[in-house]
Amino acid sequence: MSDPFFHPISGQDLPRFAGVPSFMRLPHLTPDDARRADVEIGLIGIPWDAGTTNRPGPRHGPRQLRDYSTMMRRVNPASKIDPFALCNCADLGDVNPNPVDVQDTLTRITEFYADVAAQGIAPMTAGGDHLSSLPVLRALSSAYAQPLGMVHFDAHTDLYDTYFGGYRYTHGTPFRRAIEEGILDPKRVVQIGIRGPMYDGEDIEFGRSVGVRIITIEEFFDLGVKEVMRQTREVVGDGLTYCSFDIDFIDPAFAPGTGTPEVGGPNSFQAQQCVRMLEGLDLIGADMVEVSPPFDQSGGTAWLGVNIIFELMCVLSKAIDARR
Amino acid sequence: MSDPFFHPISGQDLPRFAGVPSFMRLPHLTPDDARRADVEIGLIGIPWDAGTTNRPGPRHGPRQLRDYSTMMRRVNPASKIDPFALCNCADLGDVNPNPVDVQDTLTRITEFYADVAAQGIAPMTAGGDHLSSLPVLRALSSAYAQPLGMVHFDAHTDLYDTYFGGYRYTHGTPFRRAIEEGILDPKRVVQIGIRGPMYDGEDIEFGRSVGVRIITIEEFFDLGVKEVMRQTREVVGDGLTYCSFDIDFIDPAFAPGTGTPEVGGPNSFQAQQCVRMLEGLDLIGADMVEVSPPFDQSGGTAWLGVNIIFELMCVLSKAIDARR
Amino acid sequence: MSDPFFHPISGQDLPRFAGVPSFMRLPHLTPDDARRADVEIGLIGIPWDAGTTNRPGPRHGPRQLRDYSTMMRRVNPASKIDPFALCNCADLGDVNPNPVDVQDTLTRITEFYADVAAQGIAPMTAGGDHLSSLPVLRALSSAYAQPLGMVHFDAHTDLYDTYFGGYRYTHGTPFRRAIEEGILDPKRVVQIGIRGPMYDGEDIEFGRSVGVRIITIEEFFDLGVKEVMRQTREVVGDGLTYCSFDIDFIDPAFAPGTGTPEVGGPNSFQAQQCVRMLEGLDLIGADMVEVSPPFDQSGGTAWLGVNIIFELMCVLSKAIDARR
Amino acid sequence: MSDPFFHPISGQDLPRFAGVPSFMRLPHLTPDDARRADVEIGLIGIPWDAGTTNRPGPRHGPRQLRDYSTMMRRVNPASKIDPFALCNCADLGDVNPNPVDVQDTLTRITEFYADVAAQGIAPMTAGGDHLSSLPVLRALSSAYAQPLGMVHFDAHTDLYDTYFGGYRYTHGTPFRRAIEEGILDPKRVVQIGIRGPMYDGEDIEFGRSVGVRIITIEEFFDLGVKEVMRQTREVVGDGLTYCSFDIDFIDPAFAPGTGTPEVGGPNSFQAQQCVRMLEGLDLIGADMVEVSPPFDQSGGTAWLGVNIIFELMCVLSKAIDARR
Amino acid sequence: MSDPFFHPISGQDLPRFAGVPSFMRLPHLTPDDARRADVEIGLIGIPWDAGTTNRPGPRHGPRQLRDYSTMMRRVNPASKIDPFALCNCADLGDVNPNPVDVQDTLTRITEFYADVAAQGIAPMTAGGDHLSSLPVLRALSSAYAQPLGMVHFDAHTDLYDTYFGGYRYTHGTPFRRAIEEGILDPKRVVQIGIRGPMYDGEDIEFGRSVGVRIITIEEFFDLGVKEVMRQTREVVGDGLTYCSFDIDFIDPAFAPGTGTPEVGGPNSFQAQQCVRMLEGLDLIGADMVEVSPPFDQSGGTAWLGVNIIFELMCVLSKAIDARR
Amino acid sequence: MSDPFFHPISGQDLPRFAGVPSFMRLPHLTPDDARRADVEIGLIGIPWDAGTTNRPGPRHGPRQLRDYSTMMRRVNPASKIDPFALCNCADLGDVNPNPVDVQDTLTRITEFYADVAAQGIAPMTAGGDHLSSLPVLRALSSAYAQPLGMVHFDAHTDLYDTYFGGYRYTHGTPFRRAIEEGILDPKRVVQIGIRGPMYDGEDIEFGRSVGVRIITIEEFFDLGVKEVMRQTREVVGDGLTYCSFDIDFIDPAFAPGTGTPEVGGPNSFQAQQCVRMLEGLDLIGADMVEVSPPFDQSGGTAWLGVNIIFELMCVLSKAIDARR
């Protein structure tokens, strides 16, 4: 069981709108805090969007996600998991990004996560645009010294090769790079929810050619959530697995605050169900990316993002518990 | 048939945006108006949110609901019920609340509704936060001299015991109080749509221990609307029944303007279907609560709330007609 | 295959937020442009809302739809149709409306579309309120010298007779007029998604009396999209067919930016499916109307509208290709 | 002194957000109400914007102005005038407009105001676009059987001749028409605050040629409010005078909710000062036009509009008192 | 000079949008933190608005003010004061309020501030509604064992006696209570910026009768900032002085996010000037109240509030420095 | 006199909301358009914000500025200048930026403007963040083979050296670089409106050490617009001069849509006056930067920006006319 030091503050004791907003009202531990050694799940912000090809804003994601996370409670109503009881959870703060240099920031992120991984902390990331996932995966694959499997919820494959005349590092290319670099095992990668008019389909061709399982939205609705997730668990199997959740997986009526929305997506209940069915996988980390506050100042998108983060923490805490 | 004095003004005669906005463009009768004796359904506002533990705003609900109700027409497209033809309906104005004293306002509301009940008027309330339902139930239970059954649409049970160190009257506690006070018969109470991360589940334990039928959202989607409502009608049976509808029952993509949204809820069509299937119950009143205009200045939440109020008026008018 | 002159600019070459926003980033051809002779599908704006009985705004629709259309890509992910490869497409600009005179503008629109039809261009219109469809139909029916069939997606029949004391030209009356004028063949008209409280149902009675197939939302959800569209194709048959798509067909959670929203509608995926199943009809034009930017400055409604326009262009381009 | 029946409800008794929103929380008298005979100042809405050449919305003005007027108190802090103590004031409801026919609505308004004038009520109008002022002036000039003087606060002269190829009735032309019709005496008309890039200046030339005193914004700031208003009082003199206040007179930072904003205008304090200095004129009516709620859902523009209406009521009540 | 531990993080090192948002990016010290003994200026949030008679929301003020305070830099451009160099500053977190009980919360606040005062920390408060100032003044007056002087910027006197039938504790009454309780010396109280239509003026009569200097907005603009502040300094003199700044002092075009806006106020530059001219007073604490995020989700009001807090910290740090 | 081909479309002929939105409704000429040879003032968008250290968004500036520019008319009401009559004006489209690489985009911009300058076109730029000005100045200084003078309206000096650990190219550093590169003559540079809390003042020290005339906001209000601009004209003298206008020069109540707002700035009338008093300078180009649509979806900031662009075109057209 977890140390009460790491328990969130209850909204029945301190109203939800009160207090400095750390993730989930957990203790905020700076890099040199001694208690960091006891952390099992670390919530980390990557306030960065320099890989964005379209509408910027996810650099403001961690701030708004922290704000809305103070409305969260602690027990999962469906699975009854209480992640805060299973694991020591803490807010590890934000990576310090360099907004004007992509390569410098990629390096900064990888270093931050290398430290986190070295301390045995499973990272639960709040992005940032989707390029953020690449340096996180670099650090984790390196720490575990193996390519990783991945469950990837998204409207887009993010498997494009280049943009704007040969530029290789954007939020549309992270997983092409990750596969090229050998840090993802494409045969253990599933992409769910892919939709939206295409440039030319080259990204999908590439993905399928290297073994990625791409489940389009038409297939998603035809198969139903349960079958989609059964196949997903089959593809990623027992190996170490990362989960990357782009908020634009969900229909923009539910999550308008994102830069590249695609209509015709799943609703929020289906999104919750999907994550709940990750239970049993050997998860080592997860991220929630592309929440863009300027495009939803109402905070509804962030509130949904926080709920998905909570679901991810539930299945992540079970995996950690299972590895003990 | 109803008296034409009580018919709403048509948008084909006076454009919807014109005129002083009373509920449904009905006559507005002050407490001492002689025509009040003829009213069968009274639309009443409770502009009050002092029981709110989180984000305030429902005090502005009645104003915005009146505004959007001017866009309503009169015949139900599914059931073909015209509540304005079946019953004399009127806007009875707002209860005068005291924003800075909870107990004083509870008393004021109960007194207002005691008068309404004494006149034989079935109240259709526009809240206000959910604590508003408690004094309404006190007045109705007293007028009918019996505990009441209730169909309760909500994301939350509102069966908590206390907040903030022992405080017993908040929008999270009204039905705990009502059951304790004997004004609700817990064995004839159904709660539909319950979801969202929990503090500790004590509210649900309490509810089930006293016989409340709690239908979680997972159960709701598994059973389907028709079966849920069949069971609901079975539980409340033939006795006098109240319906309390918290707008946060509906998914926040459809109803963002509320203080404690919970993702993963029903859509608006399912909400309409649920209310339509209350036809046949012996309804004596209903409320629509927790519409919070500051969190949806677009008015979409209020417009949905008005549509649900219309659906509630349809089944309420049928019940009144059946009692004649 | 199409002429590359008519291909849209890719977001991988020029970022989506850059450039003067023509529809779909297509060439903008003024009326006297020589290349107009080569156009097969013409995107045309009708910035006009003088027929609006309730909340105005669709006059701003074409502007916002052009803006968001720059986020579009080119290949349909479900049907794999690339309308820009199949047909020469261009932005033909806006009809010049007279905001203060209804009859004058009706004439101006009919004249504009008569020219378009005379050049053999299939018009894809961005409204404008729904009265816009009447003068377009007048021009097309005249050009083809026959009454047309129509697939009509909408929450409302727009078959009312008069408003405000006998006024016959509003956005609630265009198809009553079109049927009276003999430019629509009512036996080849299908209306899908009809819902919302009614004035008195006279519009539906009229429609059914002349043979219009009206599919209410209850029927829509009961039958399912596939069966609805099978019946639709059956009713309109092989004849020349127009498609009119009112954005309020879709639930207001997905499309809040419209003047007369009706809750309880289809979601965006269902809307996409519906249009995709028009493939095979002999389509000669289509419109997307009632997008009202002042009621959704976030642009989400326009973005959904653009996606539907894209779907309409896909089935329209197939029909053009089939007629070659 | 006024009859207490006509006193507004205090926010210290009934909270401002409670109750059906009539103008200033005054009694709402329908046309056939017997108490109408006692009214001295009648607040009237004209929910109409069919004369708008640019961005529509003022049809929603009266609704929002009523809403925000419930936040008003009763004593002028500068002049100490209490208009509700000086005169019997009431909300006379809205003129019923025809949104789809300009000429029909012009007639309806003139008839409504002819009745009001016949009852000896001074009208305080809430528009509506600026074309609304024309039929009001027609009724008043006719009732008083003489041309009227006018103090006109606006960024625009509204003295244009025609739009869109010869159309004579738009919100840019009302005072050109009024001067042509002999219902305004141009030598007793002052226009204050005129600014913004011009089409060609023909409107200003016309105005000056017939004797209108046009005070541009440059002149306004050079002279200062006191001197501007001294000259204004000098020009209109002792004769019967109307005051027309277009909210776009005030800088759009203070009043963004309007269709044709012009930057570089006066602030709200200067606007208040201007109206206060109308004290002493023989005012017979006033209007506040072009408040467009869709362009300021925050309500700030309406709140400022309500404050100016209050200032107008103060000087109007003094004029009525002086005529006794 | 201050301890570098208490220096804010620079936006040139960590981008402003990154990191957990404490006030001014200062260290956040919980009540039992040992470093609290070294603090000289403590920034404290009071997330509470249960005294609000009109539109609620200031309970969310501290959260949004912390968020926007991360955009602040450190040196005053006009006075060149660097408050962080002069004094040890820290974020002391929020008082834990009870949203549903006014008296309980008043006690909680007084106890919190009694501790702060006992530690010799000058409190810089972020409200909350204006009732928050009363318990703060109770604690400070008690700690200093004397009545205090006060400079009060506001559109309202907040000197009303009761509301809603005799209720004495609302955001309209704090200073009436404070004077009655002897914790403010009315002869050393100045109220600046008073404006807006009045209920009856009883508040102003009371204030003047006990010696409060009330400077209305008309007087403010007539005298000019320099003379107003010269008189202010003269009235409060050399004694211990508190400064209470209600954001509604500033015109709502600059600060729309507040519950009871009054048009016709000062601009933001004048507000900055006013606070700068408090330099030289013996200030012991200050507050910024009535920032209501739901009424300005853009954050502009909070950003202005943060700037005024910075100005208050500048003059407060000088006073602390002078007392050394 | 200008060629009518280059005249803007009038809002009295085509309503302002109609048509594809080019800048000022001017002809849109692509790079290879033959008519480009006749252009004297070219409106150019730079949709780019990769130099932004804080809140992104100006990449969307040109799109929104084009949209609102369709509300512009043509004659300056104060100076009576009609820039469209004096010069051939056209929309030259946008520079194609690379959102993910700063150096690549700097090069692309310089090349675009080198071509423009080579054609003898004076560029009127719509940014983009302030780093955009650097490559424009590089092109112009090179084309004219001399260092340029500059009138710079801004809240910030943009003379910082580096950010984020030595990074030299951000929107806070362009003019430091320009002075270092010898493309600005610092002794002929005036910066007006500087304000806001400072990091440490090093930027101002640098500026003054090399001879830049920095007029802080305090000085601005003390001297008044006329004296400020008299001194400005004196400093820049008769040499070639560029004008760079950052929208955050103006107070955020008037221009909230920008990334780094500073309270306490000039109002919009003062901004207009400032630009008008540039008449007589030998202007060769100008820019309007830092308009950030995501932070003001109402468009008010863009509308103000368009008005300032119009004022800049007026003085620029006079300078071009004088050089003939």
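Annotations for the structure displayed:
All chains are identified by letter, namely A, B, C, D, E and F, in their written order; residue positions are counted from 1 within each chain.
Criterion: a contact is a pair of C-beta atoms (placed from the backbone, for glycine too) under 8 Å apart; a residue touches a chain by one contact, two chains touch by 3 or more.
Labels paired with UniProt names: A, B, C, D, E, F = Guanidinopropionase.
Keep in mind that what you see is a predicted model, and the values were worked out from it rather than measured.
Here the chain-to-chain distance from chain B (Guanidinopropionase) to chain F (Guanidinopropionase), counted in touching steps, is 2. The chains touching chain A (Guanidinopropionase) as well as chain D (Guanidinopropionase) are B, C, E, F. Compared with chain E (Guanidinopropionase), the chain whose C-alpha mean position is the greatest distance off is C. Under half of the residue numbers at the chain A (Guanidinopropionase)-chain B (Guanidinopropionase) interface are used by both copies of the sequence. Averaging C-alpha coordinates per chain places the centre of chain D (Guanidinopropionase) 39 Å away from that of chain F (Guanidinopropionase).
Each of the following residues of chain E (Guanidinopropionase) touches two or more other chains: 13, 15, 17, 53, 55, 59-60, 99, 163-165, 251, 253, 267, 295, 298.
Taken pair by pair, the chains that touch are A-B, A-C, A-E, A-F, B-C, B-D, B-E, C-D, C-F, D-E, D-F, E-F.
Looking at the complex, you find that chain E (Guanidinopropionase) touches chain F (Guanidinopropionase) at residues 10-13, 15-17, 71-78, 251, 253-254, 267-269, 271-272, 298, 300, 303-304, 307, 310. Residues 49-53, 55-57, 59-60, 98-102, 104, 163-165, 167, 169-170, 294-295 of chain C (Guanidinopropionase) are the ones touching chain D (Guanidinopropionase) in the complex.
Residues of chain F (Guanidinopropionase) that touch chain C (Guanidinopropionase) in their complex: 13-15, 17-22, 28, 45, 47, 59-60, 62-63, 66-67, 91, 93-97, 99, 297-298. Those residues of chain C (Guanidinopropionase) that touch chain B (Guanidinopropionase) in the shared complex are 53-55, 160, 162-165, 194-201, 216-218, 221, 251-253, 256, 260-261, 263-265, 267, 295-296.
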